[in-house]
Every structure is written in structure tokens, then in C-alpha cells.
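Encoded as C-alpha cells, the structure appears first; notes follow it.
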Amino acid sequence: APKKFKIALSNSYIGNEWRIEMVNLFKAALEMEPYKSQVEGSYFNSGNNVSQESQQISGMIAERVDAILVDAASPTGLNGIIQQAHARGILVISFDNVVTTPAAIKVNTDQFKFGETLATWVAKKIGGQGNVIMVTGVAGTTVNEQRNKGAESVWQKHPGIKIVNRYAGDWDSATAEKNTAAILPSLPKIDGIWCQGGTDGVLKAFIAAKRTPLPPTAGEAENGFRKFMLGYMGQKVDGLSIGQPPYLVLVALELARRILNKTYPRRDITIPFPFVTDATVKAGQTVFPQMTDSFFTDFTDSGPNAVVKVGVNAALHGTPGPGTLTVHLPKV
Amino acid sequence: MQPDTTADALPRGNRLGHLIAQNIGLILAGAILLIAIVAFILIYGIEQQRLPGNFELTSTVNSAVPLAFAAVGQCFVVLTKGIDLSVGGVVDLANAMAAVTMGKSLTSGLVWSVVILMVGAACGLVNGLLVALGRLQPIVVTLGTLSIYQGLAIRVLPEPGGAIPPSFTNFLVNPNAPYALIFIVLLALAWSAFRRSRAGVDLYAIGNDEAAARALGVNILRTKIIAYMLDGTLAAAAGLFLAASATAGDATTGNSYTLSSIVAVVLGGVSLFGGRGSAIGAIAGALITTLIVNILFFGHVNPLFQSFYEGVFLLIAVVVGGVIGGTIRRRPK
Amino acid sequence: MNKFKTMAPESRRVLYAIAAAVALFLLGQAVHPGFLGLASVESILVIASFVGLVAAGQCFVILIGGIDLSVPWVLNAGAIVLTTTSLGLESRAPIAIVAALAMGIVVGAINGAGVAIFGIPAVVMTLAMNGIIEGLVLGLTGGFTCSACSSYAPPFVQALAHDSLLGVPDALLLWLVVIVLVTLALNITRFGRATYALGNNPRAAVLAGIDARGMTIMLYAASGFFAALAGILLVGFGGQASLGMGDPYLFTSIAAVVIGGVNILGGRGHYLGVAAGAVSLTVLVSVLLALNMPDYVRSIAYGVVILGLLLAYGRERET
Amino acid sequence: MLATPAVAAIAARSVSKSFGGVKALISASIAISPGSVHALVGENGAGKSTLIKILGGRITPDAGSVTIDGEPAHSGIAASRRHGIGTVFQELTLLPFMTVAENLLLGREPRGRFGLIDRAAMPDVAERELAALGITHIDPRALTADIALAERQIIEIARVILAKPRILLLDEPTSALVEREVAWLFGQIRALRDGGTGIVFTSHRWGEIAAIADRITIFRNGSDVGCFDSIDEDEAITLMTGRQLEALFPVRTPAPAKPPVLTLRGVRAEGIAPLDLALSSGEILGIGGLAGHGHRSLFFGLFGAPGFTQGEIKQDGRAIRIRSPRDAIRAGIALVPEDRKSEGLFLPLKIRDNLTLPILARLSRFGAIRRGAERSLVDDTIAQLAIRTPSPSQPVGVLSGGNQQKVLLGRWLLTKARILLLYDVTRGVDVATKHEIYDLVAKLAREGYAILFYSSDAEELAHLCHRVLVMRRGAFVADLPGADLTAEAIVSAAMRESAHAA
């Protein structure tokens, strides 16, 4: 049998469901062809601690892996160790929370566009006129900054839109709900919500404050938010939901396999982000009424141009689906 | 005419016994470190079918250096019976400043390093003044300043980026040889000089009994301020090492150093009640913490259970240390 | 006024802490009209109640010179035990609540045993325990807080966080009960006397016949209990448990205790002050959110205000 | 004695000092001549220590002035050191987790290379310096926390004497010392005095005052009320307390011949050989001997803190086990430790809380304390022991030392314990209070309490006890019946044995 490629996944953090699904997809893929026969995989978690993640990548270098997939605790904090890995001939692919060093190939969606798309939708929905709140992400991170900049670029074009408050939701439903609950009662009527993450928490705080019906909302891909699009807790919301897809890890894995097999060039990949609106949301496909609100619905892709299709059990339990797993990388 | 008390001299404990009693924390830290090293080599050997080499040594040392500096800084404050939760904030601030200011050359890197260390010292000064002059409890002072320093760091570097001159990286954390050991040795030497200075003695005196120290004429204000300033400076140094090994800056990556520096200090046998322990122990504690990460890595534990194992290892280390210590101390004299 | 002067400094600090909370509310109204509206105040107090509950446990252990760094994941585990045990069914709510609280008590008792029997420093014991619980929760649930639940918190628990009785939110009423009970426990019971004795002079307490080990275990168990209780309420509040939901409560609960006038070295302070501290911190965060300023300014202002409050009334006497 | 020069070595003029509401000193004055020993006497809380702290530069007076050689003194510890003042404060200022040598040499450590402190040389330097003072039984390498209280007090004194002060302030330096150590100290004091040092000395043992003082200033309620070249004890006590005391020691009543309530057979603990002992109800059994010879282990062993490692304890003929203070309290045993601040009281807590802590179980219903019942018990105790306080809600820390000691005694009387272990209970207690405590102890014995009584003051043992066992090296070396027992007999019993050893 041909020698298997050793591919290690360095995951900075495992404390939210997005990351869990991402790791589960990776686990499932390792049990499916073509990866099952070509890849020997391993995965690690570093508790959101950059120096630990850096040390773990050192460990991977010591283990002489062929490729390292990185979801980084810091866009810059791992640059040094990644350069070392690169210098030792190891292929490094960073995805989701990508690193800045050119020594790593990047697989991601476009975060500026993320913020911009949400904002454009809100602006259009409210006719370029009204009060909007922005619920932002974790301060000091690139993703947060990029998404905010994307949004601001849109607001500038709409003088009728007033951003009555910007506050952090830290991409976490509980935090977003708490902060919204604290501030909402003292805010004027809200016509639109722009939210980077924790969207369902924001909406629940609106309900608790009796600010119903809920205003049009552009947010992340939490299952809870999408339930609101279907109708949930007596409310139905007009919304746009964009997900950072957990299957980025599969794109990274496939890219690694192809590059190691020399069937694909070394290059960054930006994949389109999947999104749904209240008009297109569909139970069992893009929303799962049986599942928790914090579940990330975009673990798989749909439609004719889907990047990858996997079953819900792969995301939930890391169990492989039938047959082979096909990940579509952009045409060279 | 002097009725001397010699006639009734009791048998004394032997010198070794006294030495052990005085350095119990350090001895424990050494023992745990030894165990950790052996465990690491064993696990590495079993997993990799070879012994760790230059690369492993270098990367372990390079990972340990920032923590060692932060832990020694923390140690100064803990010895005064304080605690510093703002370490992470100072690391962030230094890291962010380094990435923004250093530019391309080693010279500018070094010049800015000095400035950044001074900023760290200033952060420490603020902590020290609030604690010593403001008579506030250290844990809340530093909780407050943590928030301030983190805010400043984000102001300096709103999103990760910037660049560290490669020559500066090579100077601090050469990736090809465990050359950063020099800094650990220098740190230990500097400590032992400090330990033998007026301020060093005063520091211990304050940690032993602040009221007594005051009565003995120890300048509490000055000594505490020195302790917090050294702490701030060393935390800033940790930030520089972090920036150097990352080759760029991030205003949030230092946060973990707050708790890990405290853990290192405790593993190093420094008493959180002040006055007992040594920065050498804190360095050992930093190495132990680093080795535990390696052991868990090469032990290939289930990542979901990772923090479980970290917690268990920490407890085992402390309990085993305590048992060894108890046995040594109870050894018949 | 004369009475005020002769008060014990800790008692005076309770008044200062309450004054600080009120002042922060007024400040909020000044910079952001509408802040003092009934709905706004109610909503802020409900959020403060979560902090206040965690801080009740933290207060117990700090009173004996300890600290509990395991509250984040005990809280989180409490929330997850509730959702996984109740499966969102009203009929299972009682057993789920009991299970969650029992989990908190057991974990807390283990913390206490580690500190009291094995002599492990509280910082290390509880920090390690936080990691242990985190690892167990993630490992045992596979990372999903309740994949099989159709709804998460049973309606009863959700009502607890959202409904009102005679215009007062249930969560607040519950907190009020806790405030009364904890205050009574500390002030008129043997348990309270023993706690203060232990915190003031552990050696003398043992020599006076206090069961230091038993007390320590009990107090840490209480801390676990309150963290789990806060977890339950938070599930009710958000409707679901999420990973990491306890993290913000670590430093906040410690800060609330100290701002409330409790001495971090133990033996002195009152829960009433701590409750005021919890309100102060929550109001402060809300005011800063309302002010609509950049994250970094908010972070700096938060630190500055806390230090300002402490300088105003939290200064220790000269030794 | 030298003729009194016109200029005092150190003097305080009309100094006042308040702590919060407490007026510790009210316009007090004192002048100490060079080459003389000036004793300060007064009840607990009279302000002696406060005055000494002011003289020693540790605190600044609210009003009044301090002069040195007629010049205004600079305040602050550092300045006072430059003035050549050395102070032994009442609460020891040794640092527990530093070695004896480090403590002894603090601030004047030997320097080695690069001007750094030569830590390695310190034990030897300390050993030499101690030997020069005639102290060879204390190991300079030991941690201070590990040596006995008396040894700590000696180190504290040695540290100050070694600095060759021109003015020496000694605040109750003998409180934990036994006679021979006191004699050693007096030798040192005389040598310094003869060299021209002006010395302030306080003590609550009149014998010491009489032996060493050239002048005596009496303090009462924060003011000096008289200064004498010599004064007899009764007169001094009247001035100190404002009332007359009968004989210091109560009339001895014979010990009742009763079977022992408590018997120890072959008990062992760290520092004590297997010991046998029998204690009857109504008996005051004295334990004497030099410090550091196992008394503490005996007392604390009996109280289960920690318990004996071996041997048998019988109470009323039944074997009991005492493994913790709780066991001891259940068995009706009470311990009043020597160091009331660190082992007895909760200083910031109310008198009430301090008194009733061990009996709360009895006082509460469903865990809640019955306030009324507690209140009346507390009031009774305060009245019975004549604890001087405006209210039972005062923090115990604001009471004078003697009253603090009474609170501690009261706590244990409330437990209805019948066996009292009194470990140096009069340490640092003023004459009047001592008198009260002696009366109390004698009364308790008459009421049938069994009392084990250790004291570092041989006079006290001789006059109060029915019988005295002298301890040496963890064993009883003499059993002295009480009828015509003298302090000399106790001291010489403790010393005689050492002649053999030497």
C-alpha cells in the first residue's frame, strides 16, 4: 500500500459548537474515502492559548507530519512556528481564523464581504432609513474588524440609517443576550439588527423586552436564528443568515491532500459563504428545529454549486457517511 | 556576671535539615520538574521511537521563555503577599507595541524594546502605587488595571498584525538552537543578585510580616513599588519574547499569561501567602507547565478531554510535591 | 450620623457599595436618558442577579481566605446537567434542577476537601477543578450541550428567568430570597459565626473547637451550589446552555465581592455589600455599553471606574 | 550610679496620641538620662507601648514633642536608627520564614562580591555574634518559625543589643522569659547602662522592676502620674490602678485529696519523653522549667492540637482519645494558650462572638443563635470576670491585654470544662489583672476545677500551685510539693539537672 500522508489538525479552541462540528467533520472525513486510505490524521486542541498551540505545532513538526491544518488562536501569534514548519518542508494550511504569514496557505470566506452583505441587506430591507444596532464580535480580532469595516462601508452610503448603538456580543449567544438585555430598554425603537454572532440571543432579549414584532435581522448561522426565520417563540423574523461554514476544514483537508498528491497548485482559496433568508430557509436542510439553538446549521452545503455535502451525523458525532466524500475545490 | 544560657544547650537540628526547611518549595519544584522531564522523555520515546533532540529542546525552551519571564515577574509580587492579574494585559500591551513600532532593523527593535520595557515598568508602577499608596487589595487593583492595559493594547493594535524584524526574532528566540536558555540563565542570575540586595531582603521581610517589616524600618512603599515595577518589566519582556517568536503582534494573546504565571509560581513552590519561595522555583514552574503541554501532546489525549488532563496533572503535581515535602520535613532529625 | 461613625468599617462599606450602585444608575441616566426607566432597571437587576448568585458562593469562600476559580465551568456544567437531564420537559424539571444543584455541591465539596484535607492552595485546587470539569463536560457530551433536546430549559426554568410576580421579575425575587438567607446565615447562625472565626484566625478557630475541615468543605460546596444555581437561571434566561457561558463570571464574581467591601484575605465583609457590588458592576457595564464607544475605551473606562470606586471606599487601614 | 546630667538622652514632652476614638496617650511626659534604666509601669492599656513606639519613631504623636539630647528628634524608624535608638517592641517583629541569622543581621548583612549580601556567610557571622552575647543554644540556621517563643524573644533582644544602641527601648522583653534568661538580659542591660546607654524598660513583673530600675515612671490612663527613684510595690500599684490591692497571691488552700480526674500514662509527642501525670479536681498542678523543654507539646497534646502520638489518657478512670480540639472540648478540657493573639482570639470580632464560639451548639435552635440566651450568658461572664468594656459588641482587639485574657478565660469557663489547661495565662498581663486571674484560678480550683498551670514566672508557680512538676528535655525531673514551695526551688530544680548534662 502507498504510504499515507500524516495530516494533523491544530485547533486553537474547542469551546463552542462551531469548533466541535468542525472537528467532527474532520473526524468523519478521515473515515471516508479517499481520505481513509490516503491520510493518517490527528487533531489537537490548545484551549485558546497561543503559546500552547504554537507548542503543539512544534510537536507536529517533531512528529514529522506532512501537512498541518490550522485554525489559529491568533492570526499572528503562530507565524513564527508556521514559518519554521514551512522551512522544514511541511505544508501548512490555515483556515477559518487564518494566519497572516505567507508561509501558510489560506482557506477562508471573505469577512469584509460578510459584514458588507449583512449591512446591504439590512439597508435595503428598511429602505435606507431608520435605527439600527450593531452587535459586534470579539474585540482585537481580525474577523471582528473586517466584518465591522464591511458594514461601515455600507452605512456610509445610507445617511438615513442611524447606528444607535454598537456593542460587543462576542459571537456568543449568552453574552449577546445579556448585553442586549442591559441596553435595549433605554434605546429608541430599533428598525434593524446587524449582528456578527449570537444572533438568537439578541432576538431573545428583544422578546424579553417586549420589543416585538422583531425587526429585520441580518446575522450569523445559529440554528436558533434560523428557527426565528421559520417562526419560533411566537415570532417570525425577516432575516438574512450567513454562516462561516465549519466545512472549511474539509476544504483545507482536500487542498492538503491534493497538494501533497501534486494534483493542485499551492494557492489560497476563498469559498463563497452559504446564506439563507427567511424566504429560502428550509427545515431539515438549513435549519433543524429538533436541534439546539447554538447548533451551527452550515456544517454542509447545498445547491448545485455545493462545495461539499455531508450528513448531520458527521457534524454531530463525527460518524462517516456512506460512500466517498467529494469536496469541490475551485477549478484551477 | 553574665549567667549564660549555654549550659543548657539543646541538641540542634542538623544543617541539612535546616537547609531543607528553608528551601522546601524549591526542592519540591525541582523534584516535580525532574519527574516531568522523565515523563516527557519516556512518552516521547515510546511515541516516536527516538529521543527528543535539538529541535524539541529548542522549541520547548522557546515556549517556556515568555512564561518564565512572566512567572518571575509574578513571583516578585506574590512574595510580597500580593498577586498580579494584570500580567496578561501588560504582555498584550508590550506585544502590541512591539508589532507596531519595531520596523525592520535589529537596532530599532532593541531601542523600542527598551521603551517597551519602560512602559511595562510604568504599568507596574501604577499597580504598585495603587497597592502601596492607595492601600488597595492587589487582586482588585490588578483586575482593574488588567482591563485598562488590555484596552490600551487594543488601542495600539486594533487587529492582529504589524511585524517584528527577523533579526530581532533571531536575537531573542533563535528557532535553530536552544539559545534562549541564555535568557533563562540571565534571569536566574539577575534574580540571585536581587535576592542578595537590600530590596531583595526587604521584599521577603514584607511578605513574611508587613507590620513587622515596617517596624524594622523596611521601606514598604519603595519595596512594593520595586516589586511591581520589576513585575511589569518582566511581563513586558514576556510580551517581547512572544512577539519575537510570533514575528508579529496580537493584542489578545497575552491573556493566558495571567493564570499560567500564577500556576507556574505555585508549582515553583512559592507561597501565595508571601515571604516564601524563590524565582528559581518560578522558572522551574514555567518549565513544568510547558512540559505538561508536551506530555499531553505526545500522549495524544483526546482533545475534548484535554483540560481535564491538564487539571488532573496540575493536582497530581501539587499533591505529589506536598507529599514529598511532608516526608522530607518529617524525616527524623 | 454618629452611628455611622462608630460602625465597623466593613458595615460602612456595605453602605458605600450601595451608594456606588445608586450613583452609577444616576450616572447612567445622565449620560443616556432612559437608563433609569423601570424596564431598564429591572432588566439590569436581573442580569446582576446572575453575578450576585455566583458572588454569593465566592463570598463564602473568600470570607475564609479562599477563592473559587472553578465557578465558570461549574456554572456551565450546572446549565448542561439541567438541559441534558430535563430534555426540556416540564415533568423532568424538578429532577433536573436537583441533579444540577447536586453536581455543584459535590464538585464544590471536592474543592473544599482538596483545600482542607490535602492542603492544596485554593487557587490551584479550584483552577484545576475548572479544567477538570471543562474536560469532563466536553468529553462526555462530545461538545454538544444537548443534541437530543427539542427544547432546552423546561418552561418552568424559563419562566423563572422571564416571568414576574406582582411586577417583580421572578429571578429578582429569587435573588432577594438568597440575599436574605445568606445574610441571615452569616449573621445569626452558628455557621456564620464559625465562618467569620475561621476567616479571621484559622488556628484559633480550630483551637476553639471549630471543625475547620468540615466548614471549609461546606463553604466550597455552597460556592458550587450557587454557581450551579446561576447556571440553571442562565439556561432559563437564554433558553439553552452554551459552552463557555460561565467564563464571564470568574473575574466579575471576585470583583463584586471585593467592591462589596469583603476583605480578600478573609474574615470581614457582608453579602449585602456583595449584592450591591454585583449591581454596580452590571450597571457599569451597561452604562459603558449604552455610551456607544469603541471597545478599547470601554475596557479602559471599566478598569478606571472600578479603581475609582475602590479608592473612594475600599482602602485598607494602615498596618 | 552616674550623676544625672542635665540633658536627657531622650525625652517626650506632653505627647498625646489617639487611635480612632481611643485616647492612648494624654499629654504624657518622660525624660531618660543617659546611663540609667528607666522603668515604665502601668496597667494594660495605660499607654506604655504607645509611648515607646513614639520614642522609637514608629508612630508620630498627635501633639507634643520628642527630643534627643535636647534636640528635636526626627520621626521615622530610619531616623530613629540614625539617632542610635534600638527598640524591642512588645509584639515581636521577627520574620517567621527567615532564618534566625537573617533576622539577626537584617539591615546590616555582611557584604561580599559586587557589594551583594553574602548569604553563605550569614549563619557563621550570626553564630559568632550570638556567642559573644553568651547565646549558644539557638541555631542561627533554623527558621524563626521553628524556634520556641522564648528563643524568639531572645533573638529579638540580641538583634537590638548587637546594634550597640545609645538609647535602648525594651517593651516587655521578658514576657516569655524564665528567670535565668531574665538574669542574662539584666546582665546585658547593666553592661549597656554602664557604657552610658539610656534604657527604657517595661514589665508587669514587679520583681524585675525592683531589680533593674534606676527610675520608675508610673502610667495611668495614658498619662504619667509619678516618677520615682524608688517606690514600693503596693504604693506603685495604688498609683497605677487608683485602688489598693490586697496580697498579690491568694491564700493557698490545701489540695483536696480526691482521685484523679485525668491521668496520663506514657504519653509521647514531639519533644516529650513518655510522661505520666495525674490531676485531681480542685488541684492546681504547676508545670515548671525552662522554655523549650516540652511544656507546649504536653499542653497541646492534651488538647489534641496535635494529639499525643502514643500513650493513654484516662478521664475519671475511663480511657479517652483526644485527637482534635473538638475531642478535648467534648471531654470537658479547655486550653488557654500563651499567645492569645495568634492562638486564642479573633481580634476584629465582637467580645460576644469571641466568648460564645465553642458553645454555640448549646445556644442555638435549628442552627440559629438564640440572641437573648446568648446575651444574658455574655453579660454574666463579663460581670463575673469584671471584663472592662463599654459593651459586649466591642471588637475584642480594642480591649487591653489583660481584659483580652479574661475574655479568653471566660470563653472556656462558659464551656463548662472541668479541666483547665492554662498555658502561661499571665504573660503580658498587668499586676492588677494578674491578681484577678490568680484569685479566679484559686476560686475555680476551690469550685472543683482541675487545673494544669504552666508559667514562665516561677514566683507564680510557687505561690499558686498545690504541686509543681519541673520539666526538662521533655521529662519530669522534679516533683515539688506546694506547702512551702519557693521560686528558687523550682529554678534550681530546673538548673540542677543541667549541671549534670553540662
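Letters A, B, C and D name the chains as they come in the text, with residue numbers starting at 1 for each one.
Everything that follows uses one rule, which is that a residue touches a chain if its C-beta (ideal position, glycine included) is under 8 Å from a C-beta of that chain, and two chains touch if they have at least 3 such contacts.
Chain by chain, the UniProt names read as follows: B, C = Monosaccharide ABC transporter membrane protein, CUT2 family; D = Monosaccharide ABC transporter ATP-binding protein, CUT2 family.
None of the values given here were measured: they were computed from a predicted structure.
> If we look at chain A and chain B, which chains touch each of them?
For chain A paired with chain B, the chains in contact with each are C, in label order.
> Tell me the fewest steps from chain A to chain D, where a step is a jump to a chain it touches.
2
> So which has more C-beta pairs touching, C-D or B-C?
B-C
> From the centre of chain D, which chain's CA centre is farthest?
A
> Per the centroid of Cα atoms for each chain, what is the distance between chain B and chain C, given in Å?
Each chain reduced to its C-alpha mean, chain B and chain C end up 30 Å apart.
> Between chain C and chain D, what is the separation of their C-alpha centroids in Å?
Distance between chain centres: 44 Å.
> Can you compute the centre-to-centre distance for chain B and chain D, using the mean CA position of each chain? Integer Å is fine.
Averaging C-alpha atoms per chain gives centres 42 Å apart.
> So, what's the distance in Å between the C-alpha centres of chain C and chain A?
33
> Can you list the chain C residues in contact with two or more other chains?
Correct list: 134, 138, 142-143, 295-296, 299.
> If you look at chain D, which of its residues touch at least two other chains?
none
> On chain A, where are the residues touching two or more other chains?
14, 23, 139-140
> Return all touching chain pairs.
Those chain pairs satisfying the definition are A-B, A-C, B-C, B-D, C-D.
> Residues of chain D touching chain B in their complex?
58, 77-78, 81, 87, 89, 91-99, 102, 106-107, 109, 112, 114, 116-119, 134-137, 139, 141-143, 146, 154, 180-181, 183-184, 187-188, 190-191, 290, 292, 473, 498-499, 501-502
> Of all residues in chain D, which touch chain C in the complex?
Touching chain C: residues 21, 303, 305, 324-326, 329, 335, 337, 342-349, 353, 356-358, 360-361, 364, 367-369, 371, 395, 411 of chain D.
> Could you list, by residue number, the parts of chain C that touch chain A in their complex?
Within the complex, chain C contacts chain A at residues 28, 32-35, 37, 39-40, 42-44, 46-47, 50, 134, 138, 142-147, 149-150, 152, 162, 234, 237-240, 242-245, 248, 282, 285-286, 289-290, 292, 295-296, 299.
> Taking the complex as given, what residues does chain B use to touch chain D?
1-10, 12-13, 15, 18-19, 21-22, 193, 195-197, 200-201, 204-205, 208-209, 211-217, 219, 271, 275-276
> Show which residues of chain B lie in contact with chain A when the two form their complex.
Listed in rising order, the residues are 44, 47-48, 52, 55-56, 59-60, 63, 66-67, 99, 153-154, 157-162, 169, 173, 175, 242, 244-253, 256, 260, 290, 293-294, 297-298, 300, 303-304, 306-307, 310.
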